[in-house]
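Below is one structure, written out as structure tokens; comments come after it.
For reference, chains read A, B, C, D and E in written order, and residue numbers begin at 1 within each chain.
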Amino acid sequence: MFQDISFHLESGSALVVTGANGIGKSSLLRTLAGLVPLAGGTLRLDGGEEDRATFEHAHYFGHQNAVKPSLSVLENLEFWMSFTNAVQTPDYEGAEILPRQALDTLGIAHTCDLPAGFLSAGQTRRLAMARLLVTARPVWLMDEPTSALDTASEKQLLGLMNAHLASGGMIITATHTDLALTSTQTLNLQASDAATQTIGDAFS
Amino acid sequence: MSIWDYANPTRFLRLVQVVLPWLTGLCVIAFAAGLYMSFFVAPEDYQQGDTVRIMYIHVPAAWLAMMCYSIMALSSLGTLVWKHPLADVSAKCAAPIGAAFTFMALVTGSLWGKPMWGTYWVWDARLTSVLVLLIMYLGLMTLWRTMEDPIRAGKAAAILTLVGALNLPIIKFSVDWWNTLHQPASVMRAGGPTIHPDILWPLLVMAIAFTLLFFVLHLMAMRNEILRRRVRSLRLRAAGAAQPGTVANATQPAE
Amino acid sequence: MSSWALTLFKRDLRLSVRVGGSAMVGVLFFLAVVTVIPFGVGPDLNLLSRIGPAILWIGALLATLLGLDRLFQADRDDGTLDLMLMAGRPLELVVLIKCLAHWVATGLPLVIAAPMLAIFLNLEPAAMGAVTVTLLAGTPALTLIGAIGASLTVSLRRGGLLLAVLVVPLAIPVLIFGVSAADAAIHDPVPFLTPFLILCALSLIAAVIGPVASAAALRFAAD
Amino acid sequence: MSSWALTLFKRDLRLSVRVGGSAMVGVLFFLAVVTVIPFGVGPDLNLLSRIGPAILWIGALLATLLGLDRLFQADRDDGTLDLMLMAGRPLELVVLIKCLAHWVATGLPLVIAAPMLAIFLNLEPAAMGAVTVTLLAGTPALTLIGAIGASLTVSLRRGGLLLAVLVVPLAIPVLIFGVSAADAAIHDPVPFLTPFLILCALSLIAAVIGPVASAAALRFAAD
Amino acid sequence: MFQDISFHLESGSALVVTGANGIGKSSLLRTLAGLVPLAGGTLRLDGGEEDRATFEHAHYFGHQNAVKPSLSVLENLEFWMSFTNAVQTPDYEGAEILPRQALDTLGIAHTCDLPAGFLSAGQTRRLAMARLLVTARPVWLMDEPTSALDTASEKQLLGLMNAHLASGGMIITATHTDLALTSTQTLNLQASDAATQTIGDAFS
């Protein structure tokens, strides 16, 4: 699907992927997340745990929130905390925080015991975000993280992303808007890279 | 030259173009010989009369029904383990042919059963296994049909085919058990290992003819499937290609 | 493993108890099938008690298979499946635990309901016990085999029927040995233990093949 | 009405026949059910031919009801249902046409497959014909009654089983008269026409009640 | 759910509804579309056809596209053209255009005969948009119309919306971003209106 994409990301900095609709931003992120098999090329994380795949060092924050409406907000979060394996790298010193604390940081602590189905779209999104705070993983893959958020929440999200960068994490994010991140690199996908090769499989 | 050289569909298509006419010719000759032998050379059965000639269709069809599944299982290994790009094409194309042979075995068997047992169908172990095999073929075909993306459908079907292959012996065993438990109504003792050469030869020739028929149909179906996938990817590309042009359009004010 | 596995198990159990009581729906469907058959076959009690074990088993088979369509689909629809694949836990084990939770939530109620439904079919106490025990041993196999179908159809919006169609041939041995064991317990001459042990063996085999095959299918479904 | 109604009918038919459609699955499920029952009941041809009409009817009932879960759900999932409510067409008629298209795509194949499956159950030609005719008259009623369940469950994510559970009680009269009509045709003493006419009447009643009730349910489901 | 909302919209002008996440923008639009019953208050369209409900004068363009992936692009559009009843009001002189023309205007005419499942997210969105062009209805209700669109497509969409306003139509749209529409009124939903009454049912 892609041709000639290569980038190198230092810990503590962010990569912003931009490009037109359907150019392949989401696909790139899903490939990095190990959800789409890599057709060719290599993916390497220096200093990662040897016996773990690259994608196990990453959090994926996509369009879907992975929130069960019938479980309470806290139950949702606690499940992900216990289920997701935390991974440490030497460069990354992000701390894990407790679920209640995370909810507090994101301003939805008062909904703790409500079923998650009662939350609005923006609140659900914040709950999904809390997942990234309770398990430490150095890489955050974020697909249009600010979609469905209002201006205030967007600012708060950017604050969290910057804090993650400050503690030595990496962020790779696809977006259509400008994000005020501290140290960024930009990867602009062009039609020649992707659109014409959309289905470059063995049959063409 | 190894099979890997034909991983390239283009090269495979060229091979098909060369081989197919010869194979078709052989198939026609084998059928001519087989049909002639089974209708004019082979003797009538002293009990069954002319109906015994159904056997020359029925038995090869039943054999082919089973062989088809083995080929699909092998192709599924090709898809999952060796990741051969043509393997899932092969599996997908074998399924309808296998289903057709299975259906043919069922129909000819039933037609034969009417004069033999007085009924078209008994829940005999062997017949029932064939029926289950037919359901498995049809289920696989439906799985392929309901999934839009051929690659993903191929992988899903490969898993199901292999699980089915693991299960077939268990199914056969349990159906046998079920049937003996209820005292077999089976009458199918006609053949047995001691077949007279006069019957055996036409049968073998027909079996070869059926096998050739399978390969002809399979290759033709694979060729069609490859072309179909090319059309699909061309159309997908056509959908995406004009995107830059659209952007140019959009700069003009829309009325 | 213990901690996360237990969390997963509890979560799945909670979800199936909270969401519209899927346990109840399965049992109700079982009840519906078992009550509908006498309407079709006619009210002949001898006939009913003769085919009673078969009716119960077929009802349980259909209820189990048809109730499996949301096993993975709910998780796929809201993105949970993607995150599970990335969580760094062995997927086979995840599948096994999910199946276990699903069986406890929906299969076990069927087993418990079976003796009650057996009364409608005029089964003797011995037959009742036999059917219940065989269902207890056999329904896990149905769930585990069904999980393969559930993961194959996870990306399709219309799991239900297709899942059943794909899985029924694979489930036939379980049905055969389940019914034969139950029948054997009723009609003395045939030994009960042979088919029953085979049934247990089938459950064990399914506990291996099911998770492995459906984990593979789920991995492929993600892309 | 003609133009939009025809467009809707053709669209629905196309959707079920195209890739991803469900026309084949119902017939396969029917075949699977009819094959599975002898594994439980045993291969006794006399018994099978005695309960044959019932087996066929129960198989058709299950295949129809379980195949209905996507009738409105597919349209709801992608927002089509909202737009249909706003389109300014009488919703009852829309439902009726959708049911009709669904029946042609999935019910009619069941009717056509019935004679072939009857062979497996050793039915006489007369019985075969009777079952087929009663199915032809009765399956539309099943689809129309099932539509009520389909619209009730449209907002719940787990249609399949729940739908069947809700609708089976309503469908039992259809089953009873269908099977009695078929049985009547086989055993002379009972007249065939009486139950058959009642069956037809049931279909007509369902053609009124079904669309009205399910249109009402769909209106509520939208909010 | 709402309290004290009232607005009056002239034909030829647009109402932009803004507000924080979860304040009830989408709910307001769905109420206007007749998809959520009106708990109280009145809704009136002057000069509409007498025997038709208000919502039958409106097109709803929500988050969902109502596009069937297995039908071709043209089949999708033709179905909606024939199924949706066109409604005229004296003030509105928007013309209906043919499906092919509409697809051409939106720049996806070349995909005419392809299954709609082959389209990218942005293209699918445009196909959904084409629905509004082939049947004339004076009111357009649009919920975050620019979501999932890149900058170029967004501009094009705004062009179409302005053309609709110019021919005497009305637009009511909920959005988080600024839309460059010709004549707009803004309705800013505030927490006191909605959020505190989120569950203002008979039990409160």
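Worth pointing out:
Definition applied: contacts are C-beta pairs under 8 Å (C-beta built on N, C-alpha and C of every residue); 3 or more make two chains touch, one makes a residue touch a chain.
Nothing here was measured: the structure is a model prediction, and the numbers come from that model.
The fewest steps needed to get from chain C to chain E, moving only between touching chains, is 2. Relative to chain B, the chain whose mean Cα position lies farthest away is E. Ranked by distance of CA centroids from chain C, the top chain is E. Chain A and chain B have centres, each the mean of its CA atoms, that are 46 Å apart. Averaging Cα coordinates per chain places chain C and chain D 25 Å apart.
Centre-to-centre spacing of chain A and chain E amounts to 32 Å, using the average Cα coordinate of each chain.
For the pair chain B and chain E, the distance between mean C-alpha positions equals 52 Å. Among the residues of chain C, those touching two or more other chains are numbered 19, 156, 158, 162, 165, 168-169, 172, 176, 223. Annotation for chain B: residues touching 2 or more other chains are 132, 135, 138-139, 142, 146-148, 178, 236, 240-241, 243, 247.
Looking at chain A, one finds that residues 20-22 touch two or more other chains. Listed in rising order, the residues of chain C touching chain D in the complex are 19-20, 22, 25-26, 28-29, 32-33, 36-37, 39-42, 47, 51, 53-55, 57-58, 61-63, 66-67, 69-70, 74, 77, 156-162, 164-165, 168-169, 172, 175-176, 179. Interface of chain B with chain C (complex): residues 80, 132, 135-136, 138-139, 142-143, 146-147, 152, 155-156, 159-160, 162-164, 166-167, 170-171, 173-175, 177-178, 181. Chain E contributes residues 69-70, 105, 107-108, 110-111, 114, 117-120, 123, 152-153, 155-156, 159-160, 163 to its touches with chain B in the complex.
Residues 30, 33-37, 52, 55-56, 58-60, 62-71, 75, 78-80, 82-85, 87, 131 of chain E are the ones touching chain D in the complex. On the side of chain E, the complex with chain A involves touching residues 20-22, 120-123, 147-153, 176.
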